[in-house]
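Chain lettering (A, B, C and D) follows the sequence in which the chains are written, and residue indices restart at 1 in each chain.
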Amino acid sequence: MRRTRVLVAGLAAAALTLTACATDTPTDQPPGGGGETEQEQSSDGEWFVQAEYDKQLAQREQEPQGPADQPWLQMIQPELVDTAEFKQDGKTLCFSNASVSNPWRVTGFITMQQQVEVLKQAGEISDFRVSDAGDDDNQQISDIQAFVDAGDCNAIIISPSTTATLTPAVETACESGVPVIVFDRGVNTDCMVTFIHPIGGYAYGADAAEFLVEKLEPGSKVLALRILPGVDVLEHRWAAAQQIFGDSDLEVLGDEFTGGDGAKIKDIVTQYLQRGDVDGIWMDAGDGAVAAVEAFEDSGKDLPVFAGEDELSFMRKWKDTGMTAIAPVYSNFQWRTPILAAVKIWKGEQVPSEWVLPQEPITDADRDEYLERNKDMPSLHYAKFGGEDLPGFPNAWKDR
Amino acid sequence: MAVAPLTETVLRMHGIQKSFLGVQVLHGIDLELRAGEVHALMGENGAGKSTLMKVLAGVYQADAGTIELAGREVAFAHPLQAQQAGVSTVFQEFNLLPERTVAENVFLGREPRRRGMVDADRMNADTAALLDDLGLSSIAPRRRVSTLSVAGQQIVEIVKALSYDARIISMDEPTAALAEEEVELLYGLVRMLRERGVAILYVSHRLKEIFDLSDRVTVLKDGALVDTVPTEDITPDELVRKMVGRPITSFFPDKLPETSLGDTRLRISGGGNEQLDGIDLEVRAGEIVTLAGLQGSGRTEIAHALFGVARFTRGTVEVDGKRVSPRSARQAVRAGLALVTEDRKAEGLALNQSVAANARLVLDAVLPRQSGRRAKQIPGILSSLELVSRGGDQEVRFLSGGNQQKVVLAKWLATDPAVIVLDEPTRGIDVGAKQKVYTLMRELSARGVAILMISSELQEVIGMADRIVVLRDGRIAGELPAGTDEEAVMQVATGQVTS
Amino acid sequence: MTTVDRKPRLRSLGSTEMVYLALLGVLVIGAVLVAVDGGNLFGTANLVDMLTRSSLLGFVALGQTFVILCGSLDLSVGYVMALCSLIGATTMAGDPAKVPLGIVVVLVVAAGIGLLNGLIVSVLKVNPFIATLGMGLIIKGYLDTTYKGPAGEVPASFQQFGYSRIAFLPVSTAVMLIAVVLGILYLRRSRTGYHMFAVGGSQDVARLSGIRTGRVLVTAHVLCAVAAGVAGLLIAARFGTGSALVYSSGYDLDSIAAVVLGGTLLMGGRGGIAGTLAGVLILAVLDTVFNILQVDPFFKDVLRGVVIIAAVAIYARRQIDRRASRPRFGPGGNGGPPKDPVPDEPVPAGQGADR
Amino acid sequence: MTTTAPEKKATRPGVAVAARLFGGGSATVFALLVLVFVAILFLNPSFFEPPSLMAFAKKAAPLVVLAVGQYLVIVCGELDLSVGSLVGAQVVIAAAVIDGQESRTVPVLLLMLAFGVLVGLVNGLVVTVLKVHSLIATLGMMLVLYGAIRLWTGGAPTGALSEGFRQVGREGIDMPVLRQLPWALLVAAAVVVVAVVFMRKPFGRTLVAAGDNEKAAAFAGVRVWWVRTIAFVLSSVLATLAGVLIGGYAGVTAQVGEGLEFTAITAVVLGGVVLGGGRGTVLAAMAGALTVEALFTLFNQLSLPSTIRPTVQGLIIVAAVAWAARERRRPFLPQS
């Protein structure tokens, strides 16, 4: 292992030079210090944290402050912080995006761009720079680094691709003194000015699970379909569901990873149906929900009680089949908020340190209303995208 | 010729036996090498020369028999052991890495090191030394082998062999790939080595070389030792008789009477390209024309030109009076040409495919619509060739060289061509198969097929030919009638006389 | 002297020079485009960006070069990286004192995986493509089962490896460059290095020269895995924790692309690490330029694809004469020696017949 | 599938067939296939009730089609990494252009076919004319397709497939016993049959010969570059067909097709088809595909935690291929 020695030597060499050289690492405070919501992935990979869980479930009941017709501006239990220190005239907004690799993100990003357009018209934003990391954490770290080094960003919006891994990069960004806005997935630090997100994964998973528990006879069988392991927002949904199923009389047949691939979903569900009845389906995200429903249709089984998502393909299927279902929502309109927040910060207006947006599932009650609102939208569009009032509507979302 | 003092015996092989798949290839061969002698190993292809060499080289292990080096008995499990024991072999096919430099090739596997690192400078220096030593300083050790000519690569092979400071070097047809002037270079090398007391086992088909170079000659036939004699004490004819075992004439099928010759089926007029110039050649129905000449004299090039590999850029080609200019093998076949290539394994057969698949490959490729119908005759052709195989499903890689060649022939006969070009059709096949090929050629020409045969084996050149066309440096050096003797051919080929 | 000279063939510059020329070209074009856009490609920010991007892929491609030179392939590097980032981070567990331990453990594990790869390919004669693909799956399963997400914590001191820089040169890149230099030395100065070219060129020639081809192949795979391990450490340093999802970032194919882009023959026997470095830099420059120019992320993929094909096509042009008839997949191809004798690299008689 | 033996009448056909089936490293895959099915039977006999079998066939069909396509490319000495993203691209194209309108179904199918041919042609020519190693060429194509299609649809599939389009992949002929005979099964079966016949035709044999020994093939008049190009075209066309099946089976999702290229190659190699060309049969490739799918089913039946499945899959694949390769493990310098 000649080479091994060599590399260790190399590392050592590098280490020696460190004293002499600049660093972009944020202080010596270890990452995770003072972290918050996402604290919980301990190395044994346990995702459930009771306190956070209780908090989120409680927040569902809270009446959000702010204009009811603009959910993206509403906030739950805000702790407003002063942003006067960031007040400035600069108008260059930089956005480090994890990716646009799934329909939810695509929809959201369009909404965001439309919001930016409006503010550009209004002269609130001069330049909007986006870098896309294609789901590669390391890439995104470089992207953020590049923004910081470029030094002409007046604010940096970050949508982390993975919670823990982006922490050091975000801290670096904070160090640079530029106001940093994080949304969607969080990071293990509170250095950013504001962290924007809907109530959260626990609430999402709970909405779905509670619905199944309520609608299904005790002893009914539920199948859980998940996208992939290891992503906090998804793991939280499942963790919450496990809690609720655990306390219920439902039997969980199993939880399968599908990668959101319709073919795989349909295959798995079909196989479960071969081995017996499935009364309920729980999904941690709506992608491919329709394929799951079809599996029932094609095997000539009764449709299950179904928890999908506010993705239109599912909601339309739901309407057509009239099955018992709910569409939990991971509020897509949150993509508007960071833009607006940035402008607020530039103006020195107060923003909540943690900006919790409302997150309400779509039920039979308001399903048709949302379908009506989005009737021209493509099937992989999200009902609560919250861009109806933007000038680009509907074409920007319709013909991409 | 300077005869070195024939003193100590450095190698003694005794009763060497070897068989493959139950086929006995060597029946107890005895061989003795002395320091400072060039010992020629003669015998037809398939006589067992190469196998014997490979046993000596440690590539194969003998089933029975002993090998003594300077009185000590040895057994080589791996070529490396042989080399380390001072026995180096220059194989017929090169064992070089074209992408690496001369030095890297020479010292491959035992690069000199200093403080754990390869000492490239020393390696180059040593190589340079070796080369200078042989008066070949023109080859730079740092040169990439792929940029060397065939002769250059051959030399690198020999230098590599020498670099193990070998006491015994065996060379398998070292001149096979060399152009005429390069041969002289090699001669020089061999003589120099002899002067230094190296024992050289020299395998060649070229009588001329044998008599030019060797001190003693050992003749093998069908895997058995015929005789070992001092070269001075034997005439070429005797040698040939020992090899063939019977007068050559009877070995070859009778020629057809002049009268039976039909009209011209292949005519090349003024053909030329990068390697060839002013080729005028005619083959008539029922005629067998053999192309003689040293390696690189343009024999194979003519075949390739006809087959569109490196086509004629000048002159015309006519088949049955129709002018053709094949751009590809495909068009050549369409024009009625067939080519039995020189290198059976690399160019002739898809070794993992079945006998049947190989036999109908040309039909499949060129005449797909008729191949179904035409392929029906293949079994007939194969059996007429007395193919020995476990049925059409057997993969050809399991066949012996001779049988593989029969498959190649069948492949071409299936297209019933107007002209067949056979490039070294009997290379590496046993005497039986050889004779089969000869008679087949005659039968074909009797049926009116025009046959152009390329061969390095003078006896077959002469034995088969109705006319002999001798090439030199890509031109036709002369034409000789049937029944000429080998010397005459050689003289024209080497340019000593022009007829 | 004419007897050793082949018929005068137009000798163009070696492939490595080609690659660096290509790199230069990309840099110039990139710089111009960026300038037009009103930026400066060589401004510190962008320079740092380029170099940082190159460091991670650099390590992987460096290792991949060894394997490809031997005519093999390693598709498991992505998974090795992920695994190593996790092992490193969990071993260090935020404790600066445990950093050396973490490094050692990672390198050992990586070496172990490489050893397995090598043995499967050289002893079991499983085609490297499948062997390493399978190894990847095996590791993936382990990762998904064991780590339910990012795990472990890297002490700030080790994060320096990912974030510090000397002027515009990131430490990670510096280390990568050191590794590259050592790699070049290894190939040019060690016997095993020499023998890798031989094994890649022709296993038979190598064997006939007494080279233990199996060992060489295994060594190459070990080095490759170790390099991937170091990449994993870098990941950990950059992330401050280990992440399993790294394997989905396509470093396996990227590294192969970089190596081939660097002028190394995919069937082995020719090429080198210097070229690979250039290949990596080309890709990094492209990324940076695309970023500065705000190229649509999907358009990036298109461009990358085109660039890779185009570049390799250009190299191929120069080798058609010698390489066209070379059996694809070379020695690694069916795990054994080449299928049939290669015109310019014949093998001992009796070889062809046994394939 | 390389030949109909002239001496076939001599040998008993049964033997010949068996030899062709189980020869050449393919024995392993058939054995494995049987093994897996037995295991499933043991765990859950109900799997072998016709309906479930049909469901399995419906699911397995696309991979079989893909495997056949991949086989054609591999047997002539190349490799096609672009099929996965091509499947995805085709489905997305279909959805976007059809946009739920029945009337457009047929024209769009033709469009897809044309696109498939185009992609295959580019792959083939880049490999054969530009002499780019197929791994790189098709890797590039994979990137290009992936990016281009998302560029075109703005990142997420738009539109919707028509019912007619989905028929093939989803529906079937209703009948007693089986409940439904899936079109997909018929399509896959047809593809396999055609492929088997194709490989026994002259072109098929030249294809294999080209993979076995380029030079010999060329000297025999085979237009190697052309034959290989055709192989790539066929691979892409079959990928297109697979796209139709998959799209029909499960509709449009953003991830459709991801990773299929590796699954297909694995299937083919598992079938004992040697990367590098010249060896292996269509049936073996098909068996490989079925084995892979059967494995997935088995994992389900075992209700193996889905995270550990890749590990098991990897182990089985490596083991199987190693087992099949044991004949190639010979000592130094084989003795004829």
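The criterion applied here is as follows: a residue touches a chain if its C-beta (ideal position, glycine included) is under 8 Å from a C-beta of that chain, and two chains touch if they have at least 3 such contacts.
Note that the coordinates shown come from a computational prediction; the quantities given were computed from them, not determined experimentally.
Looking at chain C and chain D, the chains in contact with each of them are A, B.
With steps allowed only between chains in touch, the distance from chain A over to chain B comes to 2.
Chain closest to the overall centre, judged by the mean of its C-alpha atoms against the mean of all protein C-alpha atoms: C. Ranked by separation of Cα centres from chain D, the top chain is B.
Averaged C-alpha coordinates put the centre of chain A at 34 Å from the centre of chain C.
Rounded to a whole number, the gap between the C-alpha centres of chain B and chain D is 44 angstrom.
Multi-chain contact residues of chain B (touching two or more other chains) are listed as 59, 78, 346, 351-352. Those residues of chain A in touch with two or more other chains are numbered 100, 229, 257. Counting partners per residue, chain D has 155, 212-213, 215, 278, 307, 332-333, 335-336 as the residues that reach two or more other chains.
Listed by label, the pairs of touching chains are A-C, A-D, B-C, B-D, C-D.
Of all residues in chain A, those touching chain D in their complex are 100-103, 105-107, 109-110, 229, 254-257, 259-263, 265-268, 270-272, 274-275, 287-288, 290-291, 294, 298-300, 313, 378-380, 399-400. On chain D, the positions that touch chain C within their shared complex are 77-79, 126, 130-137, 139-144, 146-148, 150-151, 155, 212-215, 262, 265-266, 269, 274-278, 305, 307-315, 317-318, 321-322, 325-326, 328-330, 332-336. Residue ranges on chain B touching chain D, taken from their complex, read 20-21, 59-60, 78, 307, 328-330, 332-333, 339, 341, 346-354, 356-366, 368, 371-372, 375-376, 378-379, 382, 391-393, 411. Taken together, the chain C residues at the contact with chain B in this complex read 1-7, 11, 185, 188-191, 193-195, 197-198, 201-202, 204-206, 208-211, 269-270, 322, 339-341, 343-350, 352-355. Those residues of chain C lying in contact with chain D across their complex are 120, 123-127, 129-131, 133-142, 144-145, 207, 253, 256-257, 260, 266-267, 296, 298-306, 308-309, 312-313, 316-317, 319-320, 323-325, 327-329, 333-336, 339-340, 343, 348, 350-351, 353-354.
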